[in-house]
Every structure is written in structure tokens, then in C-alpha cells.
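The first chain written gets the first letter, and so on, giving A, B, C, D and E; residue counts start at 1 in each chain.
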């Protein structure tokens, strides 16, 4: 495996009671890329993510991360290795402040999380870094706001900040712009672009505007199997992809949005 | 005009617990029309739909469906007036198979789509029919949620973000479906983030902000309103 | 100990739980009745009765007793049902030096290894039940015994006491099965008992467990093939089982409402109020209170040591017992009885359940001085 | 012939008796599972309702001479009606809240019911006799089985299967299952959910009442009969997998048998064997034997 | 359980969020609250001097500690254990047995009780921790019932008579606990230490993680926290503190009895927390005071109605003031502040 490749799957397969949701997928993600995973509904994208993050055990196949076989690790182990996922639905701690949300992630690397005898003060030195991260997603003004009270788009931004706090090498984003208004879609797209500096991003997205504007590479899944792989320009012309996913060619670029 | 007015909302206020979300919504929908409700995240569009069906907390004002006041009615009575609601969060039932999900809503009136027609439209659903509802992929669940109310024969459809999470091909197919439904005389209220999807389908538009309707215009006035929409929605 | 203000008598028993029917609120009422019959006053001081529900919890009983003595200057304490609570109260009474009359406790420990100078064990104990019930049965030909025993301390000691008696009289124990406390179903245990081919099935359990076991024994036809004996049965239990189910059952007790005219007179007063007949414990509640008050009257003080001395030297003669006396260890020595439950036909009036089989003098019924480990006896 | 040192016949006899007890577990856990599965309420009052069922039968016989067979119909109706009242008066206010509140509320209700009956009828039980038609016993060769117990097994299994069919295989059942997950939405589809929920709780309560009537002739009728049993039944439901109707029935029957056999081989453990099994099952399958992994 | 997709607002058990409050209103406790605590402390210190019955107050403190321990789990971890009596009662027995039968000193006896409760907590935790909500409640209930039967049958517990006449002995060989007043101040000191300890646990880095788990468990997992281990630690901490309460109770009352391990005791501790206010710091203490006080008063006056009354309180709490007394007071103050 070349040093270029951060994540590789070989023959990755997931069957549900005889139904093959992910079928023999060989995928290489290059370090530093924004890699998009697209495909029709039910193609197996979310399942594939679930396999990578260990929320589901694979039926067959191997997952290699930075040269190590991580196929049989537990979810939390994988997360500590630097593979971090965001959820399809927004995932924040609603009754913590924005700052505390980010701190929650920073705290993990401190190694004091089982220390029930230490005061909360022992976490205060994390606030600087937390504010920095909030700043990166334009949330510095909301640091002490309870997260429930934030609008949807801000929550997504917060989630990204939290995810970044884990210093992930590889971020997995499942439909990061789903349910967002145009403004927010734009904001989040730029955010992804911004945070992709120095890390790798693998994302599922149905909004072709987003994909075409930021993805370096695209893999198309259909019925669990890879049908195309390459840069956007190339893949979007693939007749099989158009037929299975994009629909009539006129809509090619606008996609759904 | 008033003769075939199907839905008329006047001065509708709605609350979730303590929080006052709708501040006097006024709108009306005529029979056979497709009306689209636009607005930013959190503007109150979903809440309006839920308030019509009776799923919010306290509500005041007036909601007339075919002339009948529905503000005091329990949700199941509203449904019986011929209202089909497809919720934003899909509401697929985990303990029911995909097919059971599809067959769940009781038939309200004659003239709904048959199961065969539905399967022809969404082949994925037929393939996964025996699978537990929430084991379907996000998009498949979305298809199921829409298909489910097309079966019931409800003539007033409230569709909340139905194109969300769907592959472009399917979105195109949905657009087709809505045209067909309109042709058959269905009345549809469409809530969409996806402006490009809603724009060509709607006869009229309402724009919401902060729990109020701030603008309304017809399809023919779409071009001249683009500037305003840019401002409100960032389209 | 102040000799002014009201004379307070405390009664702590199970008012609401498992044993509330055999003693409980009606027992408290009998104590009040005794006070009323006595005239409501002693030594020119009014008599007050305090009652509390210990819910079968030893700690509740103990803390109540302690509180009354500490803050109400209690003169005397009557202990209702259950051994655990009574042992706890005896401990407190000893520490605080107050007369304590235990009515409803089964454990013979109260006047044996745990005896105190202030405890009087008034009604019955498990040793007496075993001796009275056991020896009569063995003598009547029931040689092979099988025990159905509640699997906790009380059941074990009942079985052990009875085993001693059976063996001493030449019988054998062919087996036993332990059932959990409050078992809802006894059929399985009874099937095992049936397989043992014993002459007699002895139930070393109490209350609801006994009632359930007895009913199931009838249902499975066990009463046809073997005799059944209840080692601790109150008349309320027989009532619950139903006389037709309990027919032939042998029961040991310290008193039966229908044993003589005096008792019937007492019972009638009780019946008028509660529409049921008193248990031996409720009778003993009355008797104990009455006799305590007499003793106080006689010695002219409520001082614990003086009253105790009188209680241990006087003779007891009332409807509850004749010619009885209290031994140095606190054991009330009185006659015990063996009854047999009548058949449905023989039972003519309500609550007419028993016929007398044998009367056993106290010396034969209770732990003998030789057997006892109580230090008060060994002077 | 002997099995593990006890005669073959006695072994079969014990199996049979275990089945009888299992029948009670099955019926009670069925009602519990129905209420839990469909309303998301852990009905702590179930034991008390069972007790009320038995008392209803007893009171009717004692006061008005109502026969067992009528009681079999009337008592569940009465208990069902009590269930309806409880749902309308109390539980209705808790929907949408953390399900733990339902547990705590019904716990309180069970204390009230139990306390009130205890106050009224004392604790030393009342007796209820086996109806004439079912009195007597049949010699099965390996044991003498009282006819009444045979009837209990047949009646309970029939009721359990009927309930299972209703819920898993009918349209009404589909409404109920969907209503559990998102009652509001089902209602928005045009189903009268509040009524359905009330009746379901009533039906679950009626099942407990029916079990109470069935039990009255075999054990003494006391205010405590429910609380003695309810925790074991909870364990049964947990082992079977909460919310699984069929699972709770099968587990109920099985555990009755296991418990029965424990009484033979190691009686001291018979009280805890169900809990031990529960612990083991949960280690191996956290969702219970028939439960779906969450 | 509610599906994540449901939009119906699910009201969780009311959990006050001290951090959030602090974050919003600046550091430190409200003055009024601080005065209340100070007043209570003074009252506690002089209680035996002003004629309050010390045994009663000690019993109350033991139960208050028990309720606080329970609340650490329910209020701050979101786990409802219906089997906490097992830890309380089992530790009570262990302490009683070591002190009475083995002649251990009281401090060693208490230590043994706490350790045994912690071990039992690990066993319970390993079996139950993987399930949540009511499943967790029912499993802990069933397990505690098992402990109850063990205590009923084990030879060293004295069966239904319980362990009686446990001597208090001398603390560290010097302090004569036999004197009710000495015992009282020891119990008070332990209680205050534990109360502060719980405050600390809740705000510690560990407490932060517990909070995350309560708020959004899948998210905590995805951040790399092994949530089961955190929950287990919380459970064991709570069990140990409950054990400590039980051990102390044995010394105070000189008894360990079956009622300490019975499931109705688990019900009582829930009632205490619920009544006072789940997830508040002082609520459980107040709740314990009310429940114990009520039982003490009612036992004589209403007799058989006690169960019914307790049941009614339960129902009222759940229906009418779910936040509990302290919780409702705090909510009221919050509303008033918001209006200003």
C-alpha cells in the first residue's frame, strides 16, 4: 500500500439475511482528498460507513487504515485512531453549551476522563483551543449558548467543530447538507472545504452542487457494488452513472438542487 | 373562487410547550392547486403543516378544510376530512415491515393509488417489502413515506421535504408523480428546501419567516420575485 | 423512672402485613379493652395505650420502642407477632430496663439463650408446639414423618424442634423439603412429599404459606394418603383454608375461644366487634395487660424491677389460663392444647372448628429447666 | 428408570406441574408485554390487577354467589374497566414523557391497590373453591393431575396464542405496533389512537384479571399475591425479550418448567433460578431470547 | 423507546444542568442557596443539643446519603436502578456480621461493607449496564430480588430475624460510638464528606462524560468514549455510596434486617429522590427527610393506610410535580429570573 492511501477496503461485503447491501467493495481513499461517495438510494453508502466505523461487523473483507488492519476493532477504538464520523441527523449534546460540546471532544485525549475526583477546573485549560475551533466555524459568539437554542445550520457547524477537535485524520460525513436551506448549504460546503486542510474527508452526498464543487474524487455505488470511480468530470459523464443516479442528462449538473 | 376553496387558514398561532412558533399564519389553498411554502430553516413551515393536522401543542385561530372548522379536531378526525400528511422526519415504523408500513394508513376515500402502481413507481420498495421499515436506506424510507399516503385516497396532500435525501433520478420521478397527481385533481401543499424541485411544480408560493407568511405570489410572478427570494432564502 | 403522669403501655405489632389478622389492630383493641375493664386508671394515674405498626421490621420495632421509652417514659411494652421484632424489642427493654411481655413471638430463644430479666414470654413458643403436636401424633401411630419446611430461620427451628420430639418418642424423619418464603405454588413440593410414603406430613411453616400448602395438599389428594399436621396454625389460618379442606388437621395452641364458658364470653365481645373469633394471641393480649395492671396495683409502683418480681411470683387465673406462673427465665408456664379440626358436618356454628384432643401441662410442653441455656435459671 | 436420581414418573409429574406454573407466568407476562410493547409502559400495577381479578371472583362468589364460570367472564371485564380508568385518569398524562415515569406511576398505583385491599380484607387469604365441573383429578399414569390444573394450561395457552395472532397478524395489530412508535403520526393517518391505547391498556389489565381468576382456586386469594409474583414475571419478560409477545409466552412456559425442576433437584435455589437465568441470558444476549437487538 | 426520528418532544427525567446554569449566570452559587446550606449545616451541628432525637436524625442522614447515592445514578447518569436496596442492605449485613461475629472495629466493618457493595455493584453493572431505561430498571430489580433471597437464606444473616445487637464499638479504638452524640457527629461528618464528594463527582471530568452520555449516547460513542465503562464506574460509585449508607445504618440502629434488602426499600429511595427532585443536589436529602419523617409520624396515626399514602404520594409526584420539590423551586426561580 502506498503512503498516499489512508484507507483501503478489500472485498468488503455486508449481507443482511441473504440481501447483499455492500458487495465486494474495493476502495482506496487518498490522503488529503475530499472523496465523495454517491449512488442511488439503497446503494449501500450508509451501510458502508457503518462498516468503516464498526457500527456493523462486515460479513467478509478487510479494512486497512494507515497500513493497519482494523477490521475487527471496536467502534471507540476506531474513533481513537482518528476515524471520526458525523451523523446523518445532527448530533450534538443539546443541554451543554457550544463550548462544552467542543470541550467534550478535546477532553478525550486528556486521559482524565475517569478521574471522578478532579474538579471541573482541570478542564478549563481546554477552553482556549475550544474557542479557536468555534472560531473556525464562526461560532465564537455562541460559545456560552445552550446548544438546543442554536438554529439547525449552526448545530451542523458545531458538530463539525466538535469533530475537528478530535484531530481526525479521516472524517466521514453522511449527507452533511441534508435538510439545509441554500444559505446553510453554502456555508457548510465552504466549511468542509476549510476543514479539509490537512485531513482526509470521505462523504456521502446527494447534492451534486456540493459534490461537484469540492470533491476531488468520486466513487459511485450501485446495489452495493462500485460502478465508477474517478474525478467528478469523468464520473458524471459515465452513462451507467447517469442512468442509475443522475437521471436525464440535462439535469446532470444541477442534480437535485 | 371561494366555492372550491379546500383549505383556509386564518390567524393561526401555534405553540410547542412554552415556545410560541406560529404568529398568525394566513393562507388558502384551492382545490386542484399545488402550493409551495418557502422559507428558511426554522421559519415555521413544518409547524404549519403539523398544526393543520393537529400535531403541535396548543393552537388558536381558524383552519377550515372544505369549509369545516378543524382547529378543535383531534388528528384522526382531521385525517378523515381527506388530509394526507407526509412528515418531514418520514415516520417509518421499525416494528412493521416495509409492506406493512405501506399498508398502514387506513383508506380514507376511493381513488388512491394501488399497491402495484406504487411498486411500479418505486421498485426498491417491492424488493425490500419484507424488511423491517427502518432497515431501509434513508432514501428508501423517504419513498415509502410518500407512497404510503398516496394509497389512502386523501385528496389534500401535505408533503414536507419529500425530495430530501433522494438521488436525483428519484427526485425527477417524484416531480413526475406530483404532476400526475395534480392532473388527477389532487390538492398539494409542498414544503421544500429544494427550490429547484418545487419551483416548476407550484401554482402559487407562500414565503414564511418567523412564523408568519410574509409574501405570496403566483407561478407567473416567479421571475419578478427572484430578487426577493434571493434575500429571504439565499437562492 | 418517674412515678407521675399517665402510665403508658406500648404495643408494637404487625398492623398491616402478613400477621395483622392473628394479632394486629384487633390485638391492640383487646389491650385497650383490658385497660377499660380495669377501670382506666391505676395508682390513681390514667392509663394510656400507645400502639405502633412494626410492619414485621425489627428495626422499626426497635426504634419505636427506644423512642417511646426515651421520650414517653413508657411503663411496659407488649410485643406482638414475629420473632425478629420481639427479639429486637427485648434487647431494647433490657437495655432500658422496662418490663416486656412478648405475646406473638414463636422463637423459644426469648426465654432461652436470649432471655433477659425483663422479658416475659406469654403465649406459646415453637418448642411447645413441637412437643405438644409431635408427641401426641407419634404416640397415635404416626411414626414416619416428612417435613414441608419454610426455608428460613423460623421454619428451620420449627422443624428441628419437632424432629427432636419425634425421635424422642420413637418416630423417624424420612425426609423434608424446603420451600421458599411466600411460595405461591406448593404442588411440586407436595408431589415430593407424596413420593416419600411417610405417615405424616408436617408443615413447618406459617400464615399464607401454610394455607396455600394445605389447600394444595387437599387438591392433590395427599390428605387421603397421609395425615397432615400444622406446626404453627392459628384459627384464622383454619378459617382461610376452609374447614372442609382442613378437616382432620392437628393443631397445637395455647387457647381456643370455645374451650369454656369464660372464654366464650370473652370471644363474644370480640365477635360483636370484628365478626370473627379471637385468636389465642388476641386473648393473650388482654390477659397480659390485665395481669400486668394487677401486679402494678399490688406493688403500688410501676418500677420495673418491683413489677417484674411480682409478675414472676404471682399466680395467673383468668379465662386465658388457669393456675399459671412465670418461671425465672420469663417463660409463662401454662397448659397447652392439642386440637383437631372438625369435619364440615361436625362444625355447626361459625368458627366452630376445633375439638380437643389433649391437654398438656406447661412442664411437659415447654423447654425444661434442664434443657434451658438461660442464665437466669442457673443460679 | 430414573432421571438424575429421581424416579422417571416423579420427573414427568414435576414437568407437568412446572407447565401449570408456566401457564400463569405466560399469561401475566403476556399482558405485561402487550402493555409494554404497545404503550411503552412497564406496568408495575400488573401484579395488583392480577390480585384484583382474583378478589373480584372471590367477592362475587362470596357476596352474590356468582359462579366461577361467570367470574371468568366478569372479573376480567371489571379489571379491564379499572385499567381503562387508570389509563384515562393517569397514564394518559404521561405519554411523550420518559417511560420511567410510567413505571413509577404504576408502582404507586400498585401500592395503593394493595394497601386498600389489605386494609379491607387483611392479609390472611380468602379461599375460593374449584368449580364442580373441574374438580377431581385424572390419573395420567405418572401422576395424578387435578383437572383444574389441566384446564389452566389449556385456557392460558389458548388465550396467549389468540393474543399473539391478534397483534402480529392482523391490521389492528399493525396499528397497535405502529402506535407504539409514533402514536401521533398514526393518529394523523386517521386512526383513533387515544381510544385504541385506552382499550389496549384495558385489555392488558383484563388479561391480568383473567390470570387472577384462573389462579383463585389454586392459591389463596390475598392482597399480596400480586407483588409476590410480579418481579418474577418481570424477569420472565426480560428473559423473553421485552416487547416480544411470543417470546414472553414461550419463556413463561419454559421458566415455569425450569423452576419446577429446580424444586426437585435443588429446592433452595428455586426462588432465584429465574433471576440466575436472567443474568446468564443477558450476558449472552442483551436483548433477551426473543428480543430484537436495539 | 422513542425513535430518533420522532419529533415529539420527549421529556426526559428532569435533570438540572448545573454547568449550563453556571455558564449562563456566571460562576458560583446563588446567595440564597448558600445561606440555606449554611443554615442547614448549623442546624445539623446543633441538632442533638436542641433536643432533636439523635437516633432519628442519624437514621435520616443515613437515608439521605442513600438517596444521594441513588440520585448520582438516576439524576446525573440517567440510569434508574430499581435494585439499590441490594447494595444498601447487603453492605448493612456485611458490616453487621464483621462487627458482631468477627469482632472487627467499626471502621473496618464499614470498609468491608462498602467494598462488598462495590463488588456487588460490579456484578450488577456487568449484567445490566448494556441495557438502558426501563430495561435497566427491571434487570436491577430482578437482580436485587436475587440478593434478597440470598440474604434470606444465607446462614450469616440471621434469616428473617436479621442481625441484631450489633455493637457500635470504638471508632479507631478511641471514639466511643456507644454514646449517641459521638455517633451522631461521626455520621454527620461522613454524610457531609459524601455530599461534597458527590458534588465533586458530578462536576469532575468524569461527570462531564456522564453528562454527555445522558444527553446523546451515540454521539459520545462516536467521540471515542467507551460509554459502558463510564456507566459502570458511575454505577459502582453509586453502589459503594449506597453501601456506605447501609453500613452506617447498621451501626446507628444496631441492626441489619431483611427490610433493608427488600425491593420496597428500592422503591422508597426512588420516592425520596423523586419527591425531593431528581438531578438536584439537595432534593434527595429533603426527600429522605420527608419520607422518613412521614413514615415515623404516620406509622402510629394511620396504621394500615401507610402503604396507600405512600402510593398516593408517588402518583402525585409523577403526575403533578415531576421535578420534585427542589426541582420545582429551582424552575420557579428560573422563571422569575427570566421574567425580570
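To be clear about the criterion, a residue touches a chain if its C-beta (ideal position, glycine included) is under 8 Å from a C-beta of that chain, and two chains touch if they have at least 3 such contacts.
Just so it is clear, the model here is predicted, and its values are computed rather than measured.
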Which neighbours does chain B have in common with chain E? A, D
Relative to chain B, largest Cα-centroid distance belongs to chain C
If we define chain centres by averaging CA atoms, which chain lands farthest from chain A? Would you check? C
Between A-E and C-E, which chain pair shares more contacting C-beta pairs? A-E
Distance from the mean Cα position of chain D to that of chain B, given in whole angstrom: 44
Report the inter-chain centroid distance for chain A and chain D in whole angstrom, where each centroid is the mean of the CA atoms. 48
Cα centre of chain C to Cα centre of chain D, whole Å, reads 37
CA centre of chain D versus CA centre of chain E: separation in Å? 32
Taking each residue of chain B in turn, which ones touch at least two of the other chains? 87-88, 91, 94
Spell out, as numbers or ranges, the residues of chain D touching 2 or more other chains. 115, 118-119, 181-182, 184, 268, 271
Chain E residues touching 2+ other chains are 3, 5-6, 9, 149, 153, 304, 306-307
Chain C contacts chain E in the complex at 15-16, 20, 25, 50-53, 55-60, 62-64, 66-67, 70-71, 82-84, 87-88, 91, 107, 151-154, 156, 180-181
Considering only the defined contacts, which chain D positions touch chain B in the complex? 171, 174-175, 177-178, 180-182, 184-194
Any idea which chain B residues touch chain A in the complex? 40-42, 88, 124, 128, 131, 135-140, 142-143, 161, 163-172, 193-197, 233-235
Show which residues of chain A lie in contact with chain E when the two form their complex. 53, 74-76, 79-80, 84-85, 87, 89, 91-97, 99-100, 103-105, 107-108, 110, 112-120, 122-123, 144, 146, 162, 166
Inside the complex, what are the residues of chain D that reach chain E? 36, 40, 42, 90, 93-94, 96-101, 103-105, 107-116, 118-119, 181-182, 184, 231-232, 234-235, 237-238, 242, 268, 271-272, 274-276, 278-279, 282-283, 286, 294
